[in-house]
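One chain, subunit A, appears in both complexes that follow, with subunit B as partner in the first and subunit C in the second.
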Partner chain A sequence: MSSNFGSMPLRYRITIDREQCMECGRCVENCPYGVFRWDGNRILINSRNCTACHRCLTYCPRDAIMLQEHPCDYRSHPVWTRAVRESIYNQSRTGKIILAGMGSVANLPIIFDHLMLDACQVTTPPTDPLREPVELRTYLGKKPSKLDFTQKPNGDVELSTELTPNLMLETPIMLGHMSYGALSLNAHVAMARAAKETGTYMGTGEGGLHPGLYPYQDRMIVQVASGRFGVNVDYLERGAAIELKLGQGAKPGIGGHLPGEKVSADVSRTRMIPQGSDAISPAPHHDIYGIEDLPQLVNSVKEATERKKPIFAKIAAVNNNAENVAAVARSGVDAIAIDGFRGGTGAAPRVFRDHVGIPIEVAIATADQELRKQGLRNEVSLIACGSIRESTDVIKAIALGADAVYIGTAALVAMGCRVCGNCYQGLCPWGIATQRPDLVARLDPDVASKQIANLIHAWTLEITELMGAAGINSIESLRGNRDRLRGYMLDEGLLEILDVKSVGA
Partner chain B sequence: MAKQVTIDAKGVHYTPLNQQIRKAIEDGADEIVVNNVLGQRFIGNGLRGNATIRVNGVAGGDLAMFMSGPTVIVDGNAEHAPGNTMDSGKVVIHGSAGDAVAHSMRGGKIFVRGDIGYRGGIHMKQYETQRPILVVGGSAQTFLGEYMAGGLLLVLGLDGAMKAREIGSGIHGGEIVIRGDVDEACLAAGAKKLPLTDEDRARIAPVIREFAADFGLDAEPLVKANYTRIVPASARPFAGKYTWE
Partner chain C sequence: MCGIFGVMDKRRQMMDGSGIREALSIMNERGSGEGAGYVAYGIYPDYRDCYALHVFFDNPGKSKAIVDATLEQWGTIEHDEAIPTCDQPNLKANCTPWRYFFKPDASLAPGSASPEKDVVTSIVMQINASANGAEIVSSGKNVGLFKASGWPEDVADYYRIQDYEGYIWLAHNRYATSNPELWERPDPFNLHDWSVVENGKTTTYGANRRYVESFGYNCSTGTDSEVIAYLIDLLTRKHGLGIDLAIRALAPPYWDEIDRMPEAEQNLNRALRFAYGSATMNGPFTVVAANPDTMIGFTDRGKLRPMVVGECGDRLYIASEETAIRAMEPCVESIRRPAAGEPVIGRVAP
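Take a look at the complex of A and B:
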């Protein structure tokens, strides 16, 4: 569309150190955005197409390529920032809603970074994980509020309480829901293998289950979202657990949309929709128009699978989170995943991504407190998700009341993702968020699964060390143990909401 | 010889009731008659095979949800969302049905002799040979065929005027065929009217005949009747809304 803006200042500039460059052309081959091209025996650069994916840099044998963000300054202004001005230019040209990739870029304080962990000193001894076990095994699902036993004539005692199905995790870190379609098959296979190797689970996202993942189906949590893509009884039966997606942290209250360009032959088979057609997920589940409809869907899925599998629900963290969580807990689900406002996404309207929702730290803390208050905490497990970046985020989330976490972006980064935020273009140079066969082939599932498994192992080790240092030898004793956290530079209101004391207290 | 099993649903909670039905199918029943049904939910839910389940009474919500194969015949009304996310098979309802009938249905047939509630046929979708069909004998309420992505939704209006407004909002696949003329004002944004061609009529005729046979109606006047066909104005109703960062 025409405008009087001309060309906008470059977002990134790519330069080649011509003294170092040996004209091998790997950058030309590797950049799927066409930044480099041959002109005779010289490589020309069109920086405007660059997404800062770093693919060319990593493959340049001479380190000759350099990338600079925002090479052109605007007049600095604290109110009329570059982002604000560029959005106005964009919308005054197009008249449309701005979509953006990856999670929130809003520069707001991260509560996790203001929570300090405890360690034992003179009054109690730390646990040394080298010689004493520190138990991270986690069970997700309902726990009975009491146990009944019957005594047999020979004096043996037997459990008579009927237990409901739980998922057993070797570490409280799961791989969150990112659909096949948004991600490549190689990325999904890598995640599934890593989940199997580390004794944890992965979410399918709402794209159905590709036959290539059937060998790992007992490690998969199959998702049922509002579009019901790829959902049939076979799919439900394959999963180890079933998750009803009610909301997403990156875009609470709105649906999703996989553009037809990404619906390849294989994706179409898995989602069960025609090739090239848009996959539109409505904002609500149209069979849930009120909280009283939710138990109906939960029970329907339970009946269809003969009550053999735990049912999860995922909601976005928004105002009245505690009430939302309690309502979902009463619907009969076995676990609730709460997705904080920093959660990742392939694409979301920028205004939602950066402005709607609440932080996961607050959402987990208030959910845990409310469930305890209502006597429902044993009825559901809580899963924290939405920007879990490192092992300390995991341990803090658990101390605030979570049972386990889902990681999404962190798993992508472990496969090579550079958080360039251009997943929606479908040209991911790392073979992660693309369906283009030559790009998908860049991701070797063996290598990528090892990297994800390494990350999970490393975090698990760190969590073990941190727990040992605090004298906690079981994840059960860490869960909701806010006394082992202290808030640093958090205001009084927030400390009260989190139910965490200030440093020094 | 066909094996028939009769189950009395009187005062039975839906979980044991559905377990009994499932067990009967596993034991090789061809026909299961469930008497005294009074709102028990999830009947036929997730069942496979080709048995026939006769529901005598009022079926509760999510009848035949995720069902893949069997036939369910309800001699009475059905509550919310019969045929929800159904894969294949057939549901025949001799009375009326609640809201969200055939929600996200991806295959098979649902025939309702009476009326249906709001959002009928919402987000029905098709894939290759799987093409869901919803036929309503009476009237449908507003938001008929919302978000529809595939399949056929046919409303015969046998008992008077059609009540639906906002027909086909967000429709991006499939077709809605309504007997008689439909006022342009009843169409939602994103839907458009087309006249029914001879090929269209030839395509829907077998469906009308099957429906008429199931309910003992005279098919031919219905086959010959005047119909309005409603289809998506665009396969990508939301494409024009967004720009990239």
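Take a look at the complex of A and C:
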């Protein structure tokens, strides 16, 4: 049954400057969405298919293509906004849940942008990182809360506390979990090489580990999610660490969905599911119906890998975050990744992405505080994730109490992603979020890995400079050092929750 | 800029305060005349078994009853009196220094390995955290702390430092940056056994404070030395670290250095950094601290503040400047400047 909506106003309009255009056809070749097509000697445009991925603009040798967002105005209205009206048109036509790609578009204040960093002046000198060491080395995992010693007959003391396995990172920035399937193999290989080059780690996501990544397995954190895709003992043994995915910031409380279009032969083998079938992970782990079930899963994964690897758990940041974190910290895991409500995704229901969860800044602050209060802070490392955009977000997250961060979208952008938000279509023109072989081939892993490594390196340098300016020469002295943050235009209640003073205080 | 000074006699031979006063005064260039303090071990032999509590009262008429009641609830007051003082023209007294000789009731901290100190710690935290016009500035056995807002010589004369005899002395000449009028703000800081003087300003006050407060300590003055005193007490008394390891936890070697150590040492140092990352002090500092058997000095691992060590006979000196040591001991036998991160640990002969 058709609707009476007819043609909706265009989201984007593509125009070609015909005087500049040399009809080379690169736009036609590059656009997988079918915006451009040949009509004899002339290139025709269907702007309705455009996603603003910028691929055509990038490859137009004459800069002849121009893109305009919202070329057609609606009557402006503060309540019945364009987004609200378009959602209603969409849903009254389809009767379905609206899916959206990438992180939240809700126009809410970003707390990171209202936190100012400190620097030294005269009472304390800044450290000059060009001349003095500034240590960013980070260990992730369980740490002893106190040490035990035994006295040797000659009077010397010897450490008797056994340290449990920790991951050693050269910089507190890791590449977060985005699955093979959601992303292409070339994107995964690029991230893995970048992780190796920069001395950090990358998450596999819930899609298993493709054999093409085996050479980098000592840099991989293998994920076990509720769908258990690609999980067997070989997979667990290959990872440097294992992460149990209990939740995701973009869609707290629901499972994952990889559309069948993206389940190619290779993806099907890696995930151990039939080719072309939708991969749907359930909302809960069906062996975790209460917190007391989590230690069992943690223990079975530990036993399977002879207790040689740190076990991480990832949860979404929700209202009772502190309670969740304290509960997970008691389960035997070595690190907890907390995913804020701005976390990215290949596809999530719009209502979840934009309305469920709490900001990562608050989640990290309350988690760190609660763990300290309960004497559990050394039991786990805390990893902040979900919309870490730049080096200052990293340093602020650590000052609020995180040990390290995961970056996701930022790594994709480093590979060329334009944040068009159409990952779920499987037609990513940049070869990142697609399985179509011709599109995947567009992403050269050598080039892309260099770009990601450059980004991590650049952020690491910036963090080093910022720490030096604050007179801090090791990352553990930054961790939870909220005294070095000031809140600018944050309300009193929020300042209290963050345990951060106002500017001027 | 502050000037610090410490001297210890390894055979517990007594020194009166006049030499320390000289040593501290000669570093007046490092101070601003808005704070100085002295702490001495061995000054109360008649009450050697009591915890000597030095208290500043804003107004004894109002606050003393509160402290009396608190102490009586936790133990027995053997004796108390105003600390003898002698008015100085350049010193504006804004509080009344008092001292109690107190025996805590050990049965009130059941299950503790050091119940008396736990009781005393609780009392100090309780009194100092609340706005009751009383501040306990020292609380150890046979130890007393004297400080005020003013130049070192005026503070010394006010308390008649030369009348006290101790075998370990620490002293501090303050360059004030905040609350110059508050007498409890200058170093030294003390919690029963341990006293601390610092030249520096750490960049980790907030992190260290959050860490130590999670173990029940309460930092009421916002001063580095207060946190450092609590950290040392926590690490040595509660966590059982030897003082050498406690210093290493507070000012650890760089990872690059740890990587080059033999395996057992590597494990130990890694374990210390793992366990005590939040206790690690960063930024510029030289700390001199003492308990009844020990005097220590250590710096940040970049040694951004000076530390000079002198030895002469049974005496060990640690100071910001050589001239301070020479002011007290003109014929000092050896002067050394330890490398960055190299601690100095002096122990009283058993």
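Throughout what follows, the second predicted complex is superposed on the first by the 497 of 505 C-alpha atoms of A that agree within 3 Å, B and C clash if a C-alpha of one lies under 4 Å from a C-alpha of the other, contacts with A are read in each partner's own complex, and residues count from 1 in each chain.
Just so it is clear, contacts are C-beta pairs under 8 Å (C-beta built on N, C-alpha and C of every residue); 3 or more make two chains touch, one makes a residue touch a chain.
Here the structure is a predicted model, which is why all the values come from computation and not from measurement.
Peer 1: In the overlay, answer first, second, both or neither for which of subunit B and subunit C A:Glu19 touches.
Peer 2: In the superposition, A:Glu19 contacts neither subunit B nor subunit C.
Peer 1: In the superposed arrangement, does A:Glu492 touch subunit B (first), subunit C (second), both or neither?
Peer 2: neither
Peer 1: Of the two partner chains, subunit B (first) and subunit C (second), which one does A:Val157 touch, if any: first, second, both, or neither?
Peer 2: So A:Val157 only meets subunit C here.
Peer 1: Would you check which partner chain A:Asp73 touches, where first means subunit B only, second means subunit C only, and both and neither mean what they say?
Peer 2: neither
Peer 1: Just subunit B (first), just subunit C (second), both, or neither: which does A:Asp39 touch?
Peer 2: In the superposition, A:Asp39 touches no partner, neither subunit B nor subunit C.
Peer 1: Identify the partner contact of A:Ile472: answer first if only subunit B is touched, second if only subunit C is, both if each is, neither if none is.
Peer 2: Touch partner of A:Ile472: subunit C, not subunit B.
Peer 1: A:Lys146 contacts which: subunit B (first), subunit C (second), both, neither?
Peer 2: The answer is second: A:Lys146 touches subunit C but not subunit B.
Peer 1: Could you pull out which subunit C residues touch subunit A in their complex?
Peer 2: The touching residues are 177, 200-207, 209-211, 214, 239-242, 245, 254-256, 264, 267-268, 270-275, 277-278, 280-284, 301-302, 304.
Peer 1: Where on subunit A is subunit B touching in the complex?
Peer 2: Residues 87, 90-91, 94, 96-101, 227-228, 231-234, 236, 257, 260, 268, 272-274, 277-278, 280, 282, 286-287, 289, 293, 296-297, 299-300, 303-307, 349-350, 421, 424.
Peer 1: Mind listing the subunit B positions that touch subunit A in their complex?
Peer 2: Subunit B residues touching subunit A: 14-15, 18-19, 22, 41-42, 45-46, 48, 61-62, 65-68, 80-81, 84-85, 87, 99-100, 103-104, 106, 119, 122-123, 125-128, 130, 146-147, 149-150, 170, 172-173, 235-245.
Peer 1: Quick check on the complex: what are the subunit A residues that touch subunit C?
Peer 2: 120, 123-125, 127, 132-133, 135, 137, 139, 143-147, 149, 157-159, 161, 163, 166, 372-373, 375, 377-378, 470-474, 476-484
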